[in-house]
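Multiple structures follow.
Paired with subunit B in one complex and with subunit C in the other, subunit A is shared by the two complexes that follow.
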Partner chain A sequence: MLFAQIMVNGLLLGGLYGLMALGMALVWGVLNIVNLAHGAVVMLGGYCVYFLFTGAGIDPFAALPIAMVVMFALGYLLQRYVLNLIIRSAQLNTLLITFGLDVVLTYLAQLAFSADFRAINPSYAGANLTWMGVTIPLVRLGAFVTALILAGLLWALLQRTRLGRAIRATAQNLVAARLYGVNPAQLYAVTFGLGAALAGAAGGLYGMVSQVTPYVGAALTAKSFVITIMGGLENPFGILLGGVFIGIAEALAAIYIGPTFTDAISFGLLLLILVARPARSLRGA
Partner chain B sequence: MGRLLAATLAALVMSLPVMGHAQTKTVTLGAALQITGPDGNLGRYFRDGYQIAVDRINEQGGLTIGGQNYRIALKILDSQTDLNLSVQQYGQLVTRDKVDFLLGPYNSNFTLNDSVIAEKYKVPMVSGGAAAAQIYSRGYKYIFGTSPPADNYFGSTLEMMTKLDPQPKKIALLVADDAFDVSVRAGVRALSAKDGFELVVDQVFKEHNADFGSLLSLTKSKSPDVILMGGHETESLNFIRQAKSLDVNPHHMMALTVGVPSADFRSALGKDAEYAFGMTPWMASPVIRDRWFGDAQKFAELFHRKLGYEADYHVASAVADVETFAYALEAAGSLDRDAVRDAIAKSDFESLYATIRYGETGQIDIPQIVIQVQDGKVVPVYTDHFLNKPRYPVPTWAKR
Partner chain C sequence: MVRAILLILAVVFLAAAPFFGDAVMIQYGIDALLFATLAQAWNILGGFTGYASFGNSAFYGLGTYGTAIAMAQLHLPFWVGLSLGAFLAVLCAVVIGLPILRLRGHYFAIATLGLSATLAAIISNLDISGRNIGLILPLTRNDVGFYEEALALLVASTLTVMWIAKSRFGMGLIAIREDEDAAQVMGINTTFYKVVALMLSAFFTAIAGGIHAYWITFIDPASAFDLSLNVRMVIMAMFGGPGTVLGPVVGSFILSAVYDALARSISTAAALLFGMVIVLAVIFMPRGLWDLGHGLRQVGWRYFLQNIRLHRL
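So, the complex of A and B:
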């Protein structure tokens, strides 16, 4: 029974991890930017939902789309007016600038919101249901389902829409895409905005299962990074799977190896995958 | 003539404060605190505690050291919760900024490393947020601490548990892997063996852990009577929220080392904070007298008025650190670091925090008061006897 419970915990946690990584993978795959400020955007999404919930009384799940719109706007502007300036330069520069962005966003958040812990705590935050002796926390289940829905939407967007085709085309061959009339500056901004919107949704959910402080970002960036490499950059569901894989590995490690080993496990697995299947990771979207 | 008179008068008036100033010297206390970064939330308790104490002492005429009037100045750097930077900044405070004495950072890990600088340069450091035994067991002479020993944090809680009805037997102990919590764990292991409790879960998790799913599920499977949890405030918050969502209920009670006395903790958790047991070495009580602030209650009111949030034991401990220097400087009669160090070791005074006396190792030893959140308020429950009736056994999440 304990084993089943641990598996469920890992699965649900992994769904949330996967959602977090989704935005990073999209930006990485299309723009070839490893966004080190990704966790900071997740954090801002968390604050957004927190204030919509505590300030305006909007249910946190209903606030997710609003937070996504806000984060989309932020992401769009960041890419359009900051990141587009250096996107053609060496990858080290994009790493540097997103690292700088991470620092700036984190400290702006501390100035604006203080270092207080903010938990998004709707009345059903602690609710759960029991199924065959396994306790399933409702919010985590909700987060998992949300992750599935958003991954599905992203997949549909990429496969079925004109915008999605333009995004994929740009990722595959920029020159050819331009010949067909894609405006990369605009498209990059939209893609980065989509990535930020997904991060924003993940942040709101994270605030419901955990808490938001200006400093949660760095750890989430690292986790998203690992999952993105594991899940590959091609398919949103691959990313979710990567998240679930990490979630379950961590949950099992905490019990059977020791709770202090969870990070060692995720990064250890990353190393193993890079050694075993270097070709699969880091291929275009 | 009129102009000359006016100019003379103006010069005289302007020189007055300068003349007054010439007689007042300054003694500078320095600290590198976690103003930003993951510990920023608690680092500010020390910044604000140090500042309010220094301001108050200065407002009331400063100190008389060897017949000279002194004001206290405070030099605070932001270590950004970066341990290496913190050590570097303490070095800077001593060598570049030439501060006279050092106040400690928040938490045991930082103090453990920062106190090396104090020892190296033979500058006394008084730390208000460092409880781990490790810090004081190295034979250092220049580090003093106003946090009671970590290995006894759960001492009063365990003693209370032997007097509760129904009496708990099985304990689940979950602590973080930092210096402070490792000391807490060692203490609980020793004490629970002595009092005949059985540790059915005894696990260490990594510092700043955010997901307790596995540990909580393991705990649930062992059905303990009591959960004892040792971690920082963020971990305590995650732990309680996730315990609720996974429906993990100890049969009788849950107690945490850190978090419960802070207003921040209660506001983040809302009614889920209810029934949680915690501990504090300090309550804002009018019977604890203080030379500068009157008493602890008056201090708490002043603090809340000035800073806009509730003081907790971290703040009181920080004030006691500054007062330690104030008393020791007056007793030593000079700024000589070794003389002040010896005067600190002989400290014996009433402060709004507690009666300050340092033991052989430099650490204070005061009891933890067991507290419980009852109707949104922190209620003292037990020291070596019951102060108020605990709400016990604690109802399950489903029945609240």
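So, the complex of A and C:
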């Protein structure tokens, strides 16, 4: 029974991890930027939902779309007016500039919101479902379902719409996409904005299942990164699966090896995958 | 020749400085010298081969813990501890370097990131390293001594880089940075070159960690494997001029001074400004102060727009 409970906990948390990684994977796959500020955007999304909930009394799940719109705007502006300036320089430089943005966003958040822990606690925060002896927290289930829905929407957007086709075309071949009338400056900004919107949604959900501080960003960036490598850059559902894998691995490790080992597990897995399957990582580099 | 004399004068000046400065200045000095060494050590691999390592904080942590375990748990003298730390770090560089130096670009950066996170987690679960609580080293009040040790280490690492920049070995590293496949075709044993560069980098980083541990007398996993330390190495090296001999040293001195001056007034603002400096430096002077000096002389203020013109969409 304990085992089943652990699996369910890992699965539900893993869905949220997957959603977090989706935005990073999208930006990475299309723009070839590893966005180290990704976790900071997740954190800002969390604050956005927190203040919409505590300040305006909007239900946190209903506040998610608003947070997504705000984060989309932030991401769009960052890419359009900062990152586009140097997008074609060496990879280390794009890595560094997003790290700089991460620092700026983190400490701006600390100045604006203080370093207090904030948790989003709607009235149903403590509610549970019990099914075959396994306890399922309602909020975590909601987060999981939301992650699934958003992954589905992203898949539909990429596969079924004109914008999605333009994004995929640009990822494959920028020059050819340009010849067919895609405006890359605009498209890159929109793609980065979409990634930020997904991060914002993940942040709101994260604030419901855990707490938000200005400093959670770095750990979440690292986690998103690990999941992105595992899930690959092609398929949103692959990323969700990677998230679930990490979620379950961490939940198992926390019980059977010790809670201080959770980070070692996910990074150890990452090292193993990178070293054991270099073909994939070499191709993408 | 003039340059060599100026450099020697600068070293003599730095060596004499603690006998005239006050205690606080010496402490800032030790920090700045150690940071400069770390930036220089990062430069050996990151600057010359273009492999951006985020695992140097792992080497720093190993140096720190090697020294601390030897001194606090085994009651051995300082130099034995330093050697143990350096040995562990160089060993780690070989064992880990061989598989992960096959990775390129982002993947190498992240694999090394994973390395320091994994080591930190392992160390914080071992009894001999004091688990999460950390270790306390014997106290020695000799800041001038630590200052001179840090300076000697910086000089040693800079001399090493100076040798690299002039040697066949260094040419091989630069060839790897410019085009690894071509370098291989030219007959360079790229794996060997990269691993040796990583070992040198690990060696100096670990010694700096050991000196810092003995000076500060208390270490724990969070501070020994601090990732932001690694990021500071990268930024200092990049700000000064990656792949140059003196760039990383000058860059880290300037950034340390700015950071300390700001941190004394308002700490949050210091970090915030640091972030802004990174963003602006990557946009306007991505090849560091060293290149900026040449560029300004050649094309004037238009140098700042050159990078954008080359790399914008």
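To be clear about the criterion, the second predicted complex is superposed on the first by the 279 of 285 C-alpha atoms of A that agree within 3 Å, B and C clash if a C-alpha of one lies under 4 Å from a C-alpha of the other, contacts with A are read in each partner's own complex, and residues count from 1 in each chain.
In the analysis below, a contact is a pair of C-beta atoms (placed from the backbone, for glycine too) under 8 Å apart; a residue touches a chain by one contact, two chains touch by 3 or more.
Just so it is clear, the model here is predicted, and its values are computed rather than measured.
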Based on the superposed arrangement, let me know which partner A:263 touches: subunit B (first), subunit C (second), both, or neither?
-> both
With the two structures laid over each other on chain A, which partner does A:86 touch: subunit B (first), subunit C (second), both, or neither?
-> second
Mind working out whether A:132 is in touch with subunit B, subunit C, both or neither, as first, second, both or neither?
-> neither
First (subunit B), second (subunit C), both or neither: which does A:110 touch?
-> both
Applying the touch criterion given at the start, work out whether A:9 contacts subunit B, subunit C, both or neither, answering first, second, both or neither.
-> first
Touched partner set for A:179, first subunit B, second subunit C, both or neither = neither
Mind working out whether A:56 is in touch with subunit B, subunit C, both or neither, as first, second, both or neither?
-> neither
Could you say whether A:251 touches subunit B, subunit C, both of them, or neither, answering first, second, both or neither?
-> first
Which holds for A:188: it touches subunit B only (first), subunit C only (second), both, or neither?
-> second
Touching subunit B in one complex and subunit C in the other: list those residues of subunit A.
-> 107, 110, 258, 260, 263
Subunit C to subunit A touching residues, read off their complex = 46, 50, 52, 99-100, 102-107, 109-111, 113-115, 117-118, 120-122, 124-125, 132, 227, 231, 234-235, 238, 268-269, 271-272, 274-279, 282-283, 286, 307-308, 310-313
Residue ranges of subunit A touching subunit C (in the complex, touch as defined) | 34, 82, 84-93, 95-97, 99-104, 106-108, 110-111, 184-185, 188, 218, 222, 225-226, 229, 258, 260-261, 263-264, 267-268, 270-271, 274-275, 278, 281-282, 284-285
Residues of subunit B touching subunit A in the complex = 36-38, 40-41, 44, 81, 177, 203-206, 208-211, 213-215, 217-218, 220-221, 233-234, 237-238, 241-242, 244-247, 264-265, 268-270, 272, 397
Contacting residues of subunit A [partner subunit B, same complex] = 1-2, 5-6, 9-10, 13, 107, 110, 114-119, 121, 125-128, 130, 135, 137-140, 209-211, 213-216, 219, 250-252, 254-255, 258-260, 262-263
